[in-house]
Amino acid sequence: MEKKVLLKVSNLKKHFQIRSGMLGKESGSVKAVDDVSFEVFEGETLGIVGESGCGKSTTGKTLMRLIEPTDGTIEFDGKNITTLSKKEMRKARRDIQMVFQDPYASLNPRHKIRKILEEPLIVHGIGNAKERAEKVEKYLNIVGLSSYHADRYPHQFSGGQRQRIGIARALMTNPKLIIADEPVSALDVSIQAQVLNLMKELQEDLKLTYIFIAHDLGVVRHISNRVGVMYLGRMVELAQSESLYEEPLHPYTKALLSAVPIPDPDFAREQIILQGDIPSPSNPPTGCAFNTRCPYATQSCREQNPTLQEVKPGHFVACHLYEQVKQ
Amino acid sequence: MRNKKWLLGLFLTVILSLVLAACSEDDATTEGTDTGSKDSASEEETPQVLVFGRGGDSVSLDPAIVTDGESYKVTENIFETLLSFGDEDTTINPGLAKEWTVSEDGLTYTFELQEGVKFHDGTDFNAEAVVFNFERWTNGEAGEFPYYESMFTVGGEDVIASVEASGDYTVVFTLTRAQAPFLKNIAMSPFAIASPTAVEAAGETFGDNPVGTGPFKFVEWKRNDSITLAKNEEYWQEGLPKLDQLIIKVYPDNSARLNALVKGEIDLADGINPSDAESITSNADLQLIERPSMNVGYLGLTSTRKPFDNVLVRQAVNYAIDKKAIVDAFYQGYADVAVNPMPSSISGYNEEITGYEYDPEKAKALLAEAGYNGDEIELWAMPVARPYMPDGQKIAEAIQGYLEAVGIPSKITTYEWATYLEKATNGEADAFLLGWTGDNGDADNFLYTLLGSANIGSNNYSYYKNEEVDTLLTQAQTETDEEKRNGLYKQAQAIIFEEAPWAPIAHSTPLLAGKANVKGYLPHPTGSESLQNVYFE
Amino acid sequence: MVNQKKILEINELETSFFSDDGKIAAVDHVNFDLHEGEILAIVGESGCGKSVTSLSIMGLVPSPPGKITNGEILLQGKDISKFSEKEMRKIRGNDIAMIFQEPMTSLNPLFTIGNQISEAILIHNKSWSKKQVRERAVEMLRLVGLPRAEELLNEYPHQLSGGMRQRVMIAMALVCNPKVLIADEPTTALDVTIQAQILKLIRELNDKFNTAVLMITHDLGVVAETCQRVIVMYAGQVVEEATVQEIFKNPKHPYTKGLIQSVPDMRYKKESLYSIPGNVPKPGSVKVGCRFAQRCEFATDRCLTENPALYELSSSHKSRCFLVEEEGGSVNGKESLVESK
Amino acid sequence: MLNYIGKRVLQLIPVLLGMSFIVFLIIRAIPGNPAQVILGQKATQESIAALEEKLGLNNPWYVQYFDYLKGLFTGDLGESLRTSQPISSEIWPYLAATIELAVFAMIIAIIVGVNAGIISAWFQNSWFDYVAMVIALIGVSMPIFWLGLIEQWVFSLNLDWLPTSGREDVRNPISPITNFYLIDTLIQGRFDQFGIVIKHLILPGVALATIPTAIIARMTRSSMLEVMRSDYVRTARAKGQKMFLVVYKHALKNALIPVLTVIGLQTGLLLGGAILTETIFSWPGIGRYIYEAIGYRDYTVIQSGILVVAFIFVMINLIVDLLYTVIDKRIKYS
Amino acid sequence: MSELTQKVSGQPIVVDQAVGPWKEAWRSFKKSKSALAGTFIVVFFVLLAIVGPLFVPQAINEQNFSMRLQAPSSQFWFGTDDFGRDIFSRIVHGARLSLTVGFFAVIFSAVIGSFLGIISGYYGKWIDTIISRFFDIMLAFPSILLAIAVVSILGPSLQNALIAIAIINVPNFGRLIRSKVLSVKQEEYVMAARAIGMSDARILWRHILPNSMIPVIVQGTLSIATAIIEAAALGFLGLGAEAPQPEWGKMLADSRQYLMTAPWTLIFPGLAIMLTVLGFNLMGDGLRDALDPKMKS
C-alpha cells in the first residue's frame, strides 16, 4: 500500500556560525543539522531520538522554519515551504503545529488559557468571537480539561495539565502535522503516561501526523511507527520501529539501546558501554561522526562520511559496515 | 587559595592604614594645637604664616593679562605699581615712583623712581624696566592685555603716546590727550611692574612664575587649591613684610570657608555672608572686618524694553521697593542704601539727591498714569554671590514681593553667570540685578562706564541713552580741574536720578573675617591689597 | 541481606517546611534501614520527599524554612539528627558522602578540580602533606576512570563534560572512604550512554569498597539495574519497601503497580500505557485518609478517611495499603514500636 | 586575551569619538561666550572680539572640532582657554585628588558593603540582616550633599573631631610628587602628614561611600543568597566544610561577579559625579574642575575633562571585565 | 476520558478563581512589610502634594522679615527661613514639585528609553549597534555633568531640570528594555507564538512588550527616587527650581549659610527628600520582589 507522503525533507542543513576575532569574522560553524533527509507519511508517527546535542530539536524547529534552514528543501503536502515568503510561511503554519518541551515556558505567564488557545484562531482569522469561545471549550474538553479552566492562568496548572493546554493550542487550527519536541520529558512518569495516551487517542480521532522528538527510547518506541536515530547532526538510522528496536543495525543505535535501563531486574543482557563522550558539534570528527566511539571503526570510517542507505526494505542506515554488505 | 590571600592582603592593608591613621591622628592633633599656640604667641623665632581663604582661584599671576579680582589679590603682594592707592581709599600715594610731576596741559608725566629696588630674581628695578613693561603692553596683541586697552585707549586710539627713560631712575610719559584719572589708572593692579628678565625668560608661562618687586615672593601654586608666597627678605621698605609666609587658599563655598575659619584652618577669610556677621562678632576668637565700600548693586530697568521704556514705570519701581528693608535683611545692615549710581566716598557724589522713598501708593499712582497694563515682567537674578550683592536670588525674591504689591507681576529668571552677563549685555532682560565694583575710585569708572551710551552693548546693561548725560560725562573725562569736574558729575547724577534707569539698591560693605590675633589688616575698597603690614599678635 | 549490619537507621523521620501557611511535612514519618554494602533505592515522583530525606540525613535541609521535626537518624547507632553543626561537619564527607543530580552545577565553577578534591581530603585529614593529598586525589580520579588524572587537577569544571564531572563528584565523595554514599538522581541530567557508564561505575565501586549506597531516583530502569532493595515514596511517605525482585514482580501498593505499568518499556510496544489518573498532590494538601486514595482505582471509603499503616507482608516486603492488610500484612517493626510509644 | 584587550580598546574609539563630538556640540550650544567670561564684566567689545580670534573661537565649529581632534590624536588635550595652561598637565592634580578620594571611598564601601552583605545573607532574616538592610536602604535614599553638610555640622563643627574641608593641613602643606597625598606622604616619610591626609579623607570619603556601600551591601546580599542556594555550596557543605569557609571561599567568589560590576560602575560614577561632595568639602577634584569650567565656558577644559573622565570610566569597565576572567575561568574573551 | 476529567476535577486542590499574575504580585507585595511601608510613605507624600497645600497654615511666599529664622515652635512647626516663611508650608508645597519632577522625568525617560530599547533589542543588526553605541556614550558621561550641561543650554528652571534628568536616564531604561526584550525573545512562548503563525508585530505587542514592561515598572519606581535626588542636587547647585519655588534642594542650598545658626532650615528639607526617596525605594524593592523576583538591581 502506497502511503501518502505528507512531509518530505531533503538534504536539510542548519549551520550556526561562530564569529570571533576583531571584525567578527566567521571562524567556524556548528553543524547542528547536517544533511538530513526523510519522509513522513500521512497518519503516522515518526520518532526522532538521539542524545543531547544531536540536532533533533533543531531539526524539528527547522521544519517549521522557526529556525531558517541553511540548505535543503522541505516539501509539505506537495508544496516546497522552504521558498515561501515569511508571510506565506506564517499562513502555512496553520497546518503544521508544534508542541514544546517545557510546559512552563511555552505558555505566556500573563495570558489566561482562553487567550492562549484563542490566539491561533485570531491569527489565522478563524471564526467569530462566539465560535472561537466554543472551540476553546471544545478543545479543553478534548484534552481532558474543563471549560472553567479557560479563565485561569498557566501557573495555576500542574505540569501535565499545562502540557495538555500546549497540545490543545496545537490542535486549534486543525493542523495536519504536529511536531512534538520532547513533549513528555519534563513530566513525571505517571503524568507522562497520561499525556502519551492522550496524544495517541488524538491521533486516531483527528487523523493527525506526528513527528515525535525525544531522547527516551522507551517513550519513542511506544508512540512511533517509524524511528530515526540522530547522532551529531546526522540521521544514522531510520526504520520501522519494530525493525529498529529488534534489529538495530548501526553500532551507535545498538549501543544506545543497550544503555537504556530496563525496569526489570531479571532482564539480563550484554551491555555495550560506549567509551568517552559525545564530540562537540562545533568540532566534529572527520569521516563518520561516530568513529571516535565506535568499536568497529576502520580507516575508511575516519576518512569518509557514510550516507544513509536503504539496506533492508524500509530500513536505512548510514554506516560503512553495511555499504560493503550491500555492494 | 590565591584568592583568599588577595583578600587578606587588602584587608590587612586597610586595617593597617586605619590603625596608622588612628595613631597619627593623635600626633596630628597635638602638633596642630602646638603650632597654633605658637602662632598666636607671636614669638620672634617661629615663622608667621598667614592663611587667607577666598572663593576662587587666580586665573594667572601675571597681573597684566588678567581681569579677575582673585588674581589681583595675589599679584598685589608680588608686584608693585608706580603709584599706589591709600591704605583704605583711592588717594594717590608714591609706590615704585617716589615723586611725579604733571605738565600744564596734562599731556606729560614725569616719574622719579625709587632707587636700590631689586626684583625677586635679582634684576635691578630702574627706568628701563618701566619702559620695558609699558612697551610690552602697548605692543601686545589685541586682547592680550585687556585692562591696558580698556584704560589707555579711547575710541581705538592710544592715550599713551610714548614712555621714555630719561635717566636711570626717571621715566617720562607723553599722552595723546589729557586723561583726568591717569594717575589713578597708573596705580591700578594690572599696571604693576614685572621683572623684564623673568618676562623674557618665561614668555607665555610668566603667569606661573611671577617675579616682581613686592613684599612677597612666589613659591608654589596648586591650582584650584592654594598659592604659597614667602617673605621677600630683600624688600626695599624696611621692616616689611611682617609675615614670613602667606598662603592663599581656595574655598569656593562661603560656608565652607567660614567653617575653616572657625576651625582655625585659616586666619583670614573674605566673602563672608552678612548673615554670618553676628556669629562672628559674638565669637571672641574672631573679628569681623569691613571692606570700605566702593561698589553699587542695582536693579537695572532696560529702557528699551516694555514696560521700562516709560520713565514713569521706572520711577514707580523705585518707589515700590523698600531698599532699607532689603539692606537690613540681606546685607544685615552691612551696606548703605544706594541713591546714586556710585557710592558717596567718590568725589563728585551728589549729596543733594535723597533718593526715592518707599511709597507703594505713589508707585501705583505712577503706574496708573503710565498706563501700565499689568503684563508680567521677567526679573533676572544673578546666580552667584557678588561683593555688591551677596545673594541675588533672595534679593530678587524680595523685590518680586514688592513689585507684586504694587501690581507688577514678575517671574524670577536665572541663567548661569556667563550666560547671564551675555544676555544682559544683549539687552534681553526686562529688569535685572547687577552691580559694579570700582577699579580706581573715579566717578568716570562708575557713571561713564555704566550709563554712558557708548557702553551700550558692554557695561551699560540697561541700555540707557541720554545725550545730555553723555555730553556731561565726556566733558568730565578731559577736565582736569577737580571742582569743575565734580560739578559735571553732580549734574549728570541729577538727570540720572530723574530718569531712573536703575533702581539703585545698595553700596555694600563686603565683609571679611579673621582670627582675633590678626592685626594690621586694612582691606582696600578695590578688593585687592597687599598684606605687607599684617602680623599676628 | 536482612542479617547484614545496619549502618543507617531512619526512624520516624519527619522533616517539615514552615511558611506563612503553616507547617508542611515534606517527609512524613519515614522509616527504613540501610545495610552495609547494599544499594538501596528510594524511588518516587517529583515532590514525594525523596530528596528531602537525603538532605535530612546529611543535615543539609535548608533552614529556614526547613527543619527536622521528629524522629532519629542513627548512623552506626548514633543519632546524628541531634548533632550540632560542628559534629555534623565531621560526619559529612567523612562517614556519609553525597553526590547530586546536576554535575554541571555541583562543582564550584571557580575552583580547579584539584582544589576541590584536596579540600574534601583536607577537611577530614588536616595533617596530610600536600604531596599526600595530591597523590590521593590522583588515585581517586584514576579510580573513577578518568584519564589524564594529573592534568585534570589543574583544570576547571567547565572544561569537563557532564559525565566526567559526575565522575569527579564521585571521586570527591569517596575520597574519605565514607560508609554511606547518597546518590541523589546521579544520572538524571546525563545522556543515556553516559548514564550507563556512571551506573556501571557506581556498581563497581560499591562492590569494591562495600560502601552502602542510597540511590535516590525516579527512574525505575535505573532501580532495576543497580539496586538490591527499593523504597517507594509517595507524598512524603514510604508506601512500599521490598527487594528489587519483589517490587517489579509482585508490587503490592497500587501506586507502585501503576508506576511500573506507566513506564514505557523499550522492549515492547504496548497499545496503551497504563496511566495513573490525576496529579501528584501538593505536599500537605491531603489531610485525611490514604494520600493516594484520590488517584487509586481500588480506593474504598476507608481509604478516604483512614491513613493506612505500613503493613509487613514478609520481613523484606512492606506496603502502605489496606489491601495488604486484608492479604494478611501486619504492623510491626519500628512502626509499631514507635506508635506504641 | 591581548587580542581581546586590543579589540576592546579599539571599540572605545568610536565611543570616545562620538562622545567628543557630542560634548563638543553640547558645550557650544550653551549660551555664553568664553571670551566674555575670561575678560569679565569690564571687557570691551573690541577686546572680546580680539580674544575670540586669538582663541580660534571665530572659526566655524567643524574647523574647531577637527583642530581639536587633530590635537587629540597627537595626545594633546589642548590648552585651557581661561588659564592658557596645557590641560594635560593642569588636569592631573585634580584627577589625582578625585581618584584618591574615590578609591578611599570605594575601599570603605567594599569592605563595609561586601561584609555587611555577606553576613546579612549568611544569617538571613536575623536582626543583623534587618538592621543592615534598613540602613542600606536609607543609604541609597540619602541625598549625599545633605549628608555631607550634616557630617560637617556634627563631626567637624560641633564635635571638632575632623577637619571641615580640603585635602591637607594648609599650614603644613604637602609637596606633591604623585599628587596622591597618601602616597606622597609615605614616600617622604611624613607619617604625621599621612595621618592628616587620612583625617581629611574621612568625612568626604564617608559621604561619598554611603551610596556605593549601600548598593554593594544589597547586591552582595542578593547575590550571596542566590549562590548559597546553589548546588556547589551544598556540595561544599556535604564535604563537611566549615560554614565560614563555605561562605567566604566557595560562595563569595561566585557571588563577587555581579558585585564586581557594581563596584566598577560605582567607581566610575564617583570619579565623574562627585561634584557636590567636592564642592561641600572644598576638594580640588576633577568634578569641580569641569563644573567650574562649564561656568567659565572653558570649552577645551570641558571637552578634555569629560573625555578623560569617560575614558577612565570605560577603562574601569574594561578592567572589571578582565577581572571576571581572573575570577571566573569559564569566561574567555578572544 | 471523561472519567479522567472527573478525577482531575475531583482533586481536593481546586483553586476556583483565576488568580492572575497581577493579583499574585499584589499578594506577595502585600506580604512585604517594607513594601507596604514604602507605599505608605509614597501615598502620604502624594496626598501631601495634592491636598496638603490647601491646609497649610501660611501662604508659602508671604515674606515677613520680622519672623526671620524662627526656631520650630507651635506656630511654625519646622521653623521659618530667612524670609520669615513657614518651612513646614514650603515643604508641603515642595512635595508637589519634587514628585512632579520625579514622576514626569521618569515617564519621559521610560517612554523614550523603552522605545529605543525595544527597537534595538527586537530588530537587532545595525540599528542595535547604533543605539547601543549611543547608550554607551551616554552612560560614559558623568551623568550629573551631563545634566548640568543640559540645564546650562536650556537655562536653569525646574522644567529644564526635569528635561535634563529625563535625558540622563534614557540609557538606563533603554539598556534594561533591550536586554529584557532579548531574553523574552528567547522564551519558548515566543517560539510557540511564531509556531502558530503569528506575525512579528503581533508577537512584539502581545508577547514581548507586556513581558518586558515589568522591569520598567520596577525600574521606574526606583528611578523616581533617584530623579528626586537628582532634581534636588540640581536645585542645590542653583540649576533647578527658580525662586521663590519651594523646591527642597533649593531650600537646602538657600539655607546652607544657616547650618550653624538655624540648622532646622536644613534638616527638614533634607529629611523630606530622604523620606520620599526612601518611600519610592522601598516600594520599588517590593514591586521587584513581587513582579520580577529574578531581576537584580
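In order of appearance the chains are A, B, C, D and E, and numbering begins at 1 in each one.
Quick note on the criterion: contacts are C-beta pairs under 8 Å (C-beta built on N, C-alpha and C of every residue); 3 or more make two chains touch, one makes a residue touch a chain.
The shown structure was predicted, so the numbers you read here are calculated from the model rather than taken from an experiment.
Q: Which chains make contact with subunit B and with subunit E at once?
A: Neighbours common to subunit B and subunit E are D.
Q: Steps needed, at minimum, to get from subunit A to subunit E via touching chains?
A: Step count on the best path from subunit A to subunit E: 1.
Q: Going by the contact definition up top, give me the pair of chains with the most C-beta pairs touching.
A: Ranked by contacting C-beta pairs, first place goes to B-D.
Q: Among the chains here, which has the CA centroid at the largest distance from subunit C's centroid?
A: Result for max centroid distance from subunit C is chain B.
Q: Once you find the CA centre of subunit A and the CA centre of subunit C, what distance in Å lies between them?
A: For subunit A versus subunit C, the centre distance works out to 33 Å.
Q: Taking the mean of the CA coordinates per chain, how far is subunit A from subunit D in Å?
A: Going by mean C-alpha positions, subunit A sits 54 Å from subunit D.
Q: Distance from the CA centroid of subunit B to that of subunit C, rounded to the nearest Å?
A: Here subunit B and subunit C have centroids separated by 88 Å.
Q: Taking the mean of the CA coordinates per chain, how far is subunit D from subunit E in Å?
A: 25
Q: Tell me, which residues of subunit B touch at least two other chains?
A: Subunit B, residues with two or more chain partners: 253, 262, 415-416, 419.
Q: At least two partner chains per residue is the criterion; list those residues in subunit A.
A: Within subunit A, the residues that touch at least two other chains are 161, 194.
Q: Would you pick out the residues of subunit E that each touch at least 2 other chains?
A: Touching at least two other chains: 4, 8, 152, 256, 259-260.
Q: Show which residues of subunit B lie in contact with subunit E when the two form their complex.
A: Residue list for subunit B touching subunit E: 253-255, 262, 273, 275-276, 278-279, 325, 328-329, 381, 383, 393-394, 396-398, 400-401, 411-416, 419.
Q: Enumerate the contact residues on subunit C facing subunit D in the complex.
A: 58, 60, 62, 64, 85, 88-94, 97-98, 100-102, 105-111, 119-120, 123-124, 156, 158, 169, 172-173
Q: Give the list of subunit B residues in touch with subunit D in this complex.
A: On the subunit B side, the touching residues are 3-4, 11, 14, 17, 20-21, 23-25, 27-28, 31-32, 35, 49, 51, 59-60, 67-68, 141-144, 146-147, 149-150, 156, 204, 207-208, 220, 222-226, 228, 247, 249-253, 256-257, 259-260, 262-263, 265-266, 415-419, 421-423, 425, 436, 439, 449, 457-459.
Q: Can you tell me which positions in subunit D touch subunit C when the two form their complex?
A: Contacts found on subunit D: 124-125, 229-243, 250, 253-254, 327-330.
Q: So in the complex, the part of subunit E that touches subunit D is made up of which residues?
A: Counting only subunit E, the residues touching subunit D are 34, 133-134, 136-137, 140-146, 148-150, 152-153, 225, 229, 232-233, 236-237, 249, 252, 256, 259-260, 263, 266-267, 270, 273-275, 277-278, 281-282, 285, 296-297.
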